[in-house]
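Alright, structures below, take your time with them.
In the two complexes that follow, chain A is the common piece, with chain B as its partner first and chain C second.
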Partner chain A sequence: MSWGPFLLRRLAVAVPTLGALSALVFGATELLPGDAVSAIAGPSATEAERDAVRDRLGLDRDPVTRYLEWAGGALRGDLGTAYTGGRAVTELIGSRLPNSLLLAGLALLVTVPVSVTLGLLAGARAGRRSDRVVSTGVLLVAGLPEFVLATVLLWLMAAEADLLPQVSLVPLGGTPLGTPEILVLPVLTLAASGIAVGTRLVRSAGAEVAASPWVEAARLRGIAGTRLAVRHVLPGALAPATQAFGLVSGALVGGAIVVETVFGYPGIGLELQQAVAHRDVPLVQGIALVLCAITLATVLLADIAARALDPRRGSAR
Partner chain B sequence: MEPLARRTLLRSGLLATMTAVAGPALLTGCGSGEETSAPSNGTPRRGGTLRAAFTGAGAGETLNHFIGGTAMDMVRARALHATLGDLDPSAPDGVRYGVLETIEVDDELRAYTLRLRHGLTFSDGSALTARDVLWSLHSPAEDPASLPVYKNPASTFDFAGARVEDDHTLVLPTLAPVADGRLVLCQGNYLVVKENSDFSPEAATSGPFRLEEFAPGEGCLLTRNEEFAHPELDEAPYLNGLELRSLPDSEARAAALTGGQVDFAHDLSPITARTLRGDERFTVTSTTPPYVSGLFFRMNLAHEPFQDNRVRTAFKLAADREAMVESVFFGDATVGNDLLSPGFPDYADEIEQRAYDPDRARQLLREAGAEGMSVTLTTGPETPGMVEVATLYVENLVAVGVDATLEELPAGQLFADYPAYTGLPLAASFSVPTPALPLYQMSYGGQNPAALGWDRPDVDELVATARGTSGEESAQAGLAAQRALWEEGNTIAPVFKPFTTAQVPGVSGVADDLFEQFPGFSRATLT
Partner chain C sequence: MRPAFSEGRSRDTSGLLTWCCAGVCLLVLAVAFLGPLLATGSPTEQVGPPFAAPGPGHPLGTDFLGRDVATRLLHGGWVVLALSVGATALATLLGAGAGVWLGLTAERGGEMVMRGVDLLAVFPSLLLLMLLATGAPDNDAAVLLAVGLASTPFSLRVVRAATRQVAGTGYVLTARARGDSWPAVVRYDVLPNIAGTVLADAGIRFVAAVHLTATAGFLGLGRGAPNANWGRMIRENLAGTALNPLPVLLPAALLAAFAVAVNLLADRVAGRMRHFDSARSDS
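Presenting the complex of A and B:
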């Protein structure tokens, strides 16, 4: 299959998926306890004041109409207006998203090489002691929720060793890169989770490739160790590993919700947590939709990258 | 404040790495400490930038405190805008004036004359006048988006009939005779904003500090307003600057303090406060009445068992208040007496403290035929300690034979659907420091939905009399109204919790600003 039909086919799946997710996001926020009227009008509002707010927000219209209007706006880049402060949702997301992407990007930079190294080491030696050590280790980390991991790292590296700041306060008027030390703990927490998932996926792909006839042939030719892993196992495992990292990337952006809250890092995750607390429905919907879109985009990009890296492309297909 | 050698070393290494990767442009915003000037003849030290952490909102945060309900909104507003006055039980009028010189009341208690100090200016050099005061009090009442607290003066004063007599004199007629209007106006949260302000970062302000930098959801940097004038504070504010940081989580605020990232952390949970009390590097301070928040439960009179006052009394007697104070707040809280607003001048402290009497509670329930009744108490983590107190109270109810269960809603959900909340049989809530009689009119009187069925025109009348008269007549009416609430009311108020803050030892003078639940820093110093 050439690139054109391949891309069209992937987009034909991704676009309706995003549409379905948008309906899911909108429906889920409709089902949240509480209503926007109470959030805005306040507990002591009279019924007339509540009606005025309901009318102003158009909440007396049926949900389908409101969804179509919201989805139509989203297609035009308009995700509505936040209840808190009355600013455009896209503007608020735009002010926080770069911080989260930086966090996720740095975590990915750590995750990929470590996962590939550990995954190949374990996969190429499947069933042996090194495989068991790596697999047990990553299973242990994978079983830890991110907030536990974050707390352990905080305790070890900030509270006890006093090596790093406990809270990721970005200097006012500055950027996170201006104080890189505030990024270390959030990145390590995200990366640890990513490494746990990534290593297992790479190990699985690596083990499959390691058992293939051409790797067996290489072994028979006396090739072993690092050379076997890098020159014979890695090329075959690269494509499935790339797809795995697409999924990991999506998980890293999603994982930012917990990590940013624990470290007080001003990203889209902390913003979502606060939007939920303040029942700012348009902002919750907007952030959730953007997170869905980012996850879909990373998976799509990973698919494309995997196809480009697949050594069998052109012969097997 | 203290140099952190290991962290500095690590930072140097990281910066070197970042510089190598991204170039020298990244090396910006690396602040350094400031010197404070030595004290001269006993006056407080001047200088330094104090860093303080508060609960804030997200990126949608604005400078308009009329619509922002977080601690950060209030604290930042009090730094930027001058206050009308603060409650001060030790002062002659019960208030300490800010921009006002006096508030005079006519003999009929129908008109309040607010007299402003002379020579007050905004940061743009324009004069602060009576028109600005009127706009600051009146405009929130006209804006549907304003928080209820800023609309409260409109339930006492007739702003449509207000008269600006000259630049320094404002006359506010009342809607009914009111004796406690000073307490209504001078609660620390009514601030003077320049008429028709757009609340932009460039807008003129009149408070002790001026805005330098505002990062919504992250914080703000303020510098001393050299033009700030207050007769009691010759050289105040003493700080060169104030950096307010937004951290929604109590643990994160404490972590920022212990990690040396801030000097002052606001509104800590009881357990965090207890941990910090054991650390000699920090001073933990708890507010005292009236600056405390009541944790209370309200029985819904629409639900049949609660229509019997014996049941209501039994539910009050069942609460082991001392145990709640000890277990939840480690002793750092005040036992409540089923009345709100302890510490305020109009609070009826003559009424005897309700005892913990589970035997009498069982007996009353038996007499009312409500033995073994089922009830669900609904609560949520809206403020530190709220769920824990509710948990203990449910145990208390079970101990007197009530089939009680607890429903804990996620944060932010308890009041989310207010009509549903007002239908709950037994609902938790909390109060903010407000004088007792105005609070009654705001939350109990006139069949207010928040009162969950309390409908007593006779008590409403007593409160109106108490607020509309002065001297002995007012005191007796106020006492009678609160006694009726104590004996027959549907509120169990077992605990009043303080607002607990922690700070490094060099910080002082914060409490001198009064309105301690949302601290001001006009008198704060840093050494």
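Presenting the complex of A and C:
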């Protein structure tokens, strides 16, 4: 199959998936009986005030109509207005999203080389000492919730050693790159949990390839060590590992929300956390939809990258 | 193909590690569930100035509102662990029920449902948690439901795969041919064969559930102040680590020890089950 039909087929799955996820996003905030009205109007509001809030937010209409309106607006690039502050949701997201993408991109720059090196070290020698050390170490880090890791790093590096800033404040209108030291701890934490996931994926793909006939054949030809790992195991392991990495990207979105919250980093994850705390339903829904789209796009990109990296395509031509 | 694993040489040290992990788990469980019975004071009463260092009346110091850290520590664990256990049970019941059903029913419809399940698995679990918590603020049921539902698709996939393997074997076909009802087939032929897989999977789901539940507490989701919760204790007291780091470090240490130990244990159990299953399918 050439690239055209492959991309079309993937898009034909991804677009309806995003539609279904948007219904899930909208439905999830309505699923449980909560009282958004009294949360906004305040506990001491009179019945008339509560009615006014309900009327202003359009909560008296049925959920299906409201979903269709919301989804239609989203298609036109309009996600409604935030309850608090009264600014457009898309404007709020647009001002924070670049910061988050910068954080994620930097974390990925650390994660990928380290994961590939460690995973290959363990996978190409599955069962040996280096594998046991790497695998146990990775399992230890993977066991730690991100917020615990972030908190301990914060305490050690910022509060005790006073090496780095505790809160990742960005001056109004500036970018995090103006004060790069605020990026260190968030990137490190996010990369640590990414490495824990990525190393395991590369390791299991590598172990499978290392047990394959063609690697055995290379071994019999006298190829060993780094050359065997890089030239013979890595090409076969990279494609399945990349694809698997796309599938766990949802976990990394969660990690970014937590890391931004711990360090007060002004990204879309912190915005979401604050929106949840303020019960700002339109803002929560808008950010959740954008995060779903990002997750899906990551899965799609990983699929495309895995296909491009697959060595079998080269020999099949 | 069997993974190229040789665990023989390290069996003695890995056995020791397993026992250590089990010990740590039991210890944290004891603190969490016996704690509320052992604690003498009130977890919400002010006993000193904020972030006081350890001293008489407050052996581990005080938190950001001057409450006793030791008492709050003893009261704050059970809710995290109980919600994790509940969510794991929910995910396992839903996942095993739907997985067995989908594993035994026709191919085509099953494939369609699995596409939907894959879709749910892509949905970031923390996002589901935050959405449900926005709709139902201050509610632990939202946390339980979100954590359980987030794990269900993974559980379902594993159980369905295991069921399909069993469904293709001779004894299930024989049982159906002699007219056994589906419930009888499930009870006597399917469940005994997939029980190990289901339990090993539940272990892995429990690890994820502990993570997510603790994170919920940290983000202030679920039943709110003034109730003690290890996750939320860390967040509440972050500002005072220079004065008294204990209300941050102790709940973090307990959560970290438990999460890491459970993760290592679940990995061991899952590894055993894989060996057991592959040994059985080889014979």
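In this text, the second predicted complex is superposed on the first by the 297 of 317 C-alpha atoms of A that agree within 3 Å, B and C clash if a C-alpha of one lies under 4 Å from a C-alpha of the other, contacts with A are read in each partner's own complex, and residues count from 1 in each chain.
Note that contacts are C-beta pairs under 8 Å (C-beta built on N, C-alpha and C of every residue); 3 or more make two chains touch, one makes a residue touch a chain.
As the structure is a prediction and not an experimental result, all values here were calculated from the model.
J.: In the superposed model on chain A, is it clash or fit for chain B and chain C?
T.: clash
J.: Between chain B (first) and chain C (second), which, if any, makes contact with A:Thr84: first, second, both or neither?
T.: In the superposition, A:Thr84 touches chain B alone.
J.: Report for A:Glu271: first if it touches chain B alone, second if chain C alone, otherwise both or neither.
T.: In the superposition, A:Glu271 contacts chain B only.
J.: Answer with first, second, both or neither: which of chain B and chain C does A:Pro98 touch in the superposed model?
T.: Neither partner.
J.: Let me test your reading of the model: by the given contact rule, A:Pro180 touches which partner, first (chain B), second (chain C), both or neither?
T.: So A:Pro180 only meets chain B here.
J.: After the superposition on A, what does A:Ala211 contact: first (chain B), second (chain C), both or neither?
T.: second
J.: Determine, under the contact definition given at the top, whether A:Val53 touches first (chain B), second (chain C), both, or neither.
T.: A:Val53 sits against chain B, while chain C stays out of touch.
J.: Check the residue A:Leu154 against both partner chains and state whether it touches chain B (first), chain C (second), both, or neither.
T.: Both partners, chain B and chain C.
J.: Could you tell me if A:Thr261 is touching chain B, chain C, both of them or neither one (first, second, both, neither)?
T.: So A:Thr261 meets both chain B and chain C here.
J.: Contacts for A:Arg279 in the overlay, against chain B (first) and chain C (second): which applies, first, second, both or neither?
T.: After superposing on A, A:Arg279 lies in contact with both chain B and chain C.
J.: Quick one: from 96-104, 222-230 or 384-392, give me the piece of chain B that collides with chain C in the overlay.
T.: That would be 384-392, the only stretch with clashing C-alpha atoms.
J.: Let me check the overlay on chain A: which residues of chain A are in contact with chain B and also with chain C?
T.: Of chain A, residues 33-34, 39, 154, 159, 261-262, 273, 275-277, 279 contact chain B in one complex and chain C in the other.
J.: Which residues of chain A touch chain B once you look at their complex with the stated criterion?
T.: Interface residues on chain A, with respect to chain B: 33-35, 38-45, 49, 52-53, 56, 82-87, 92, 95-96, 154, 158-159, 161-167, 169-175, 177-181, 184, 261-264, 266, 270-271, 273-280, 283.
J.: Of all residues in chain C, which touch chain A in the complex?
T.: 1, 3-7, 10, 116, 119-128, 130-137, 139, 141-142, 145, 207, 210-211, 214-215, 218-221, 231, 234-235, 238, 241-242, 245, 248-249, 252, 255-256, 259-264, 267
J.: For chain A, which residues count as touching chain C in their complex?
T.: Chain A residues touching chain C: 17, 20-21, 24-25, 28-34, 36, 39, 126-127, 132, 136, 139-140, 142-148, 151-152, 154-155, 159, 204, 207-208, 210-211, 247, 250-251, 253-254, 257-258, 261-262, 272-273, 275-277, 279, 281, 284-285, 288, 291-292, 295-296, 299.
J.: What does chain B use to touch chain A in their complex?
T.: On the chain B side, the touching residues are 4, 6-7, 10-11, 14-15, 17-18, 22, 26-31, 57-62, 67-68, 144-145, 147-148, 213, 215-221, 243, 245, 247-249, 252, 255-256, 258-259, 261, 409, 411-413, 415-419, 421, 442-443, 448-450.
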